[in-house]
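Labels run A, B and C following the written order; every chain starts at residue 1.
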Amino acid sequence: MTLLEIRALTVDFSGRPPVRAVDGVDLTVAARESVAIVGESGSGKSQLLHACTGLLAANGRALGSVRFEGVELLGDGDKAAAVRGCGIGFVFQDASGSLTPHRRIGDQLAEIAAAAHGMTREAARAESRRMLERVHLPDAPRRLGQYPHELSGGMRQRVAIALALMARPRLLFADEPTTALDVTVQAEILALLAELCRDLGMALLLVTHDLGVVAALADRIAVMYAGRIVETSSAADFFAGPKHSYSAGLLAAVPTLAGLP
Amino acid sequence: MSLLELCGVSVRYRLAGRGGYLAAVDGVDFALGAHEMLGLVGESGCGKTTLGRAILRLVPLAAGELRWRGQRIDTLDARAFRPLRRELQCVFQDPNACLDPRMTILESVAEPLRSLDRNAPAADRTSRAQERLDEVGIARDLAARYPHQLSGGQLQRAVIARALVVDPQFVVCDEPVSALDVTVQEQIVSLLERIRGERGLASLFISHNLAVVARLCERVMVMYRGRIVEVGGRGAITTAPLHPYTRELLDAVPGVDAGARARLSRRIACPRPAVSDAVPEAGCAFANRCPHVVARCRVERPSLQPAADTRLVACHRASEWPGGLPPLVAG
Amino acid sequence: MSRGLWSDAFRQLRGDRAAMTGLVVLSVLVIAAAAGPLLVDYREDEIDWENMAVPPFTADGHWLGTDRLGRDLLVRTLHGLRVSLAIALAATLVSLVIGVAWGAVAGYLRGRADALMMRFVDVMYALPQVFFVIILTVVFGRGPLTLLVAIGAFGWLTMARIVRGQALALREREFVEAAVVGGAGTLRIVARHIVPNLLGPVVVYATLTVPQVILIESFLSFLGIGIQEPLASLGNLIADGAAEMETAPWMLAVPAGCLVLLVFCFNFLGDGLRDALDPRDRR
């Protein structure tokens, strides 16, 4: 069953000169499937995600269609926002994007539980603690009373993921979820994301420039260049041998530990 | 005789509020020979950038000695040190930030010559800057533009040209490719390889990316929380690491191959215990995170000891795995 | 084809209608102040016995009327404008030079030098400016030069504070570190890297200082401490006009209106420059 269907999505920015960041993109994400959009800076991948999540800048216009479980996400404010709230979760590059700095972590999590599922305060607090344990945050009960700045980068990202999961989404949008983290922490967070998607039956739409992240998480890969998708294939096929020359160049450019003297 | 020598170098920052100090660099020793490219790898906060800045005398030393060609340079005052800056240069991390936005590329590249080669006339300075820009592949018309008009890769080339314009003997490369796209990274790494081959520069190459470091540098140092924990040839370090932190770094490098997902599944299946990030008061800095920790590790700080070949490792138990540590998760 | 940052700023400024209007009106006023008196038949201190205190547009040649001594108000206002502008620009220039140098050096050096330099500024700030002006006037006599010194002596203080704040931030930027590695000394770094990069806020503050200085000068002249008769400044013209407010309102309206217009122009221009030079809008 197709969870997310993007058709002929185009994103234009007005200005001098006007810029077309995304140029007629088609993409689908099936239930429980992990799809990665890979591209370098300027490829338009972030703008693609912003259009889907309603976070485009004021001078941006999105045309085309983005449907989540049949509901159109572009355009109509309220309906789209409701859908985004319950069906889709977001994980950003910098956890500071999702976490309010002046509120305690427990309060932020409980607020979503109450809003999404109509829970009482006690139930919401219990659910928050359960979710923090789910994301393997050490010492979960204590963390509920802490503020975001008291945690390290990796722990904050775990909290951000917990926040995204509170509303039990069926689809997770992740924008460079590990780029700001150290490589050892990155590995942990990737493992966490893979585990959660598997156990909770979530689909994942991941946007990144890092092929290592793609290799770890993706079932299917879409390569983006200059606003267009130049290649789509399964992960196995991609790493065996990409067909498009840009994809091949991208793969070849990644520094590896193999073949050292 | 080594070109650059560090003995017991420490750099400390005062902690606001709580008082006390943070040892960003904690008793580092190493020596660098002429024409040698030495890699320094570690994660954020390990002190590698601070170490690079200490060598360039951008931050003061709290302890230890810094020697250049056998002469102590940490005790020189700023004025006496300045002529030596001609020999020690730097390629910085963020090309968007390290070029003055109000100067053209050509002006920025020629700038060090004004201070470090005062006898050269202006025309001479300009032509030498032009030559360096040609060497790194920046066209003449680009050189007349301002930084905000160039791409990240072009800017980094200009930064490299600026480091080379005074004909230094030694260059600190502080994460020179981390802020760039992967295809551009590849170009800059190739450029650095080529320059190094042509000029025989000595260099300290600092990065958090082990794969990039291993490609460029014959010898690699691994740093953790201000301390050097392992030193060795790139092949040995990457195939048979002796320190548990080096092993952890290697395990964490995500491979870009079809087997990556399988490895990740195995990693999920045997999760590492969540460990605290705090640095212990005494003993080994890695003790709280180490899967091989014993009682001695928490009490006695390990020093860098020679191991097989020309390797050095700071671990009490290193002799127990002479063939290197196997990966924690098989695959 | 090198588009400098100043040309970028000018392009953006051209689009700002309020700022451009201010610039145009200001240019007109400056030209009028410089060349205007040549076009009017009367000299500034020339007394017209037959047309004392006449309203505008009534007597021949006196387009804006005359004052109670029969001097042409238009010419006197233009002269006043000239004097006020000259003092304002000169005083602002002095403030700029001293303030920028003081603040840039203090901010770059930090530590004890900075503390000493800024404590000096704090002490100066605490002194009552008008009091000192009066003392200076008593000691050195009244006149434009004394006024210039008095205003200039205090005008650089705020500029120094602003510049110091900017310099403190700038010295942490990576390109300043790169300059240190490139062997540049303190003077070179301050002159070549720090000052050019803080000119944006400095220019903006300077355009907003000019009207402040004009108002101070007007106030002092109004009090009788600044420019003295028969030399005209907007301040003493307003003083005269205020005395005759009920019988000859144009004597107040003309110079006051001129002053208001001048201050508006500089403020609009300053706002526009601040928006145009804002580095956050770059790229």
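In the analysis below, a contact is a pair of C-beta atoms (placed from the backbone, for glycine too) under 8 Å apart; a residue touches a chain by one contact, two chains touch by 3 or more.
Predicted model only: the values in this text are computed from it and were never measured.
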Quiz item: Touching subunit A and subunit B alike: which chains?
Solution: none
Quiz item: What is the chain whose Cα centroid lies farthest from the Cα centroid of subunit A?
Solution: C
Quiz prompt | Centre-to-centre distance between subunit B and subunit A (centres being mean Cα positions), rounded to whole Å | solution = 32
Quiz item: So how far apart, in whole Å, are subunit B and subunit C when each is placed at the average of its C-alpha atoms?
Solution: 52
Quiz prompt | Rounded Å distance, subunit A centre to subunit C centre (Cα mean) | solution = 54
Practice problem: Hunt down the residues of subunit B that sit against at least two other chains at once, touch-wise. | Solution: none
Quiz prompt | subunit B contact footprint on subunit A (complex, rising order) | solution = 40-41, 136-138, 152, 182-184, 186-188, 190-191, 194-195, 209-217, 235-236, 239-240, 249-257, 260-261
Quiz item: Which part of subunit B faces subunit A closely enough to touch in the complex?
Solution: 43-44, 152, 181-186, 189, 208-212, 214-215, 234-235, 238, 248-258, 260-261, 264-265, 267-268, 271-272, 274-277
Quiz item: Across the complex, what residues on subunit C touch subunit B?
Solution: 1-5, 173-175, 177-185, 188, 192-193, 196-197, 279, 282-283
Quiz item: Which bits of subunit B are touching subunit C when the two form their complex?
Solution: 56, 58, 82-83, 85-86, 88-90, 92-94, 97-102, 104, 111-112, 114-116, 141, 144-146, 148-149, 159, 162, 166
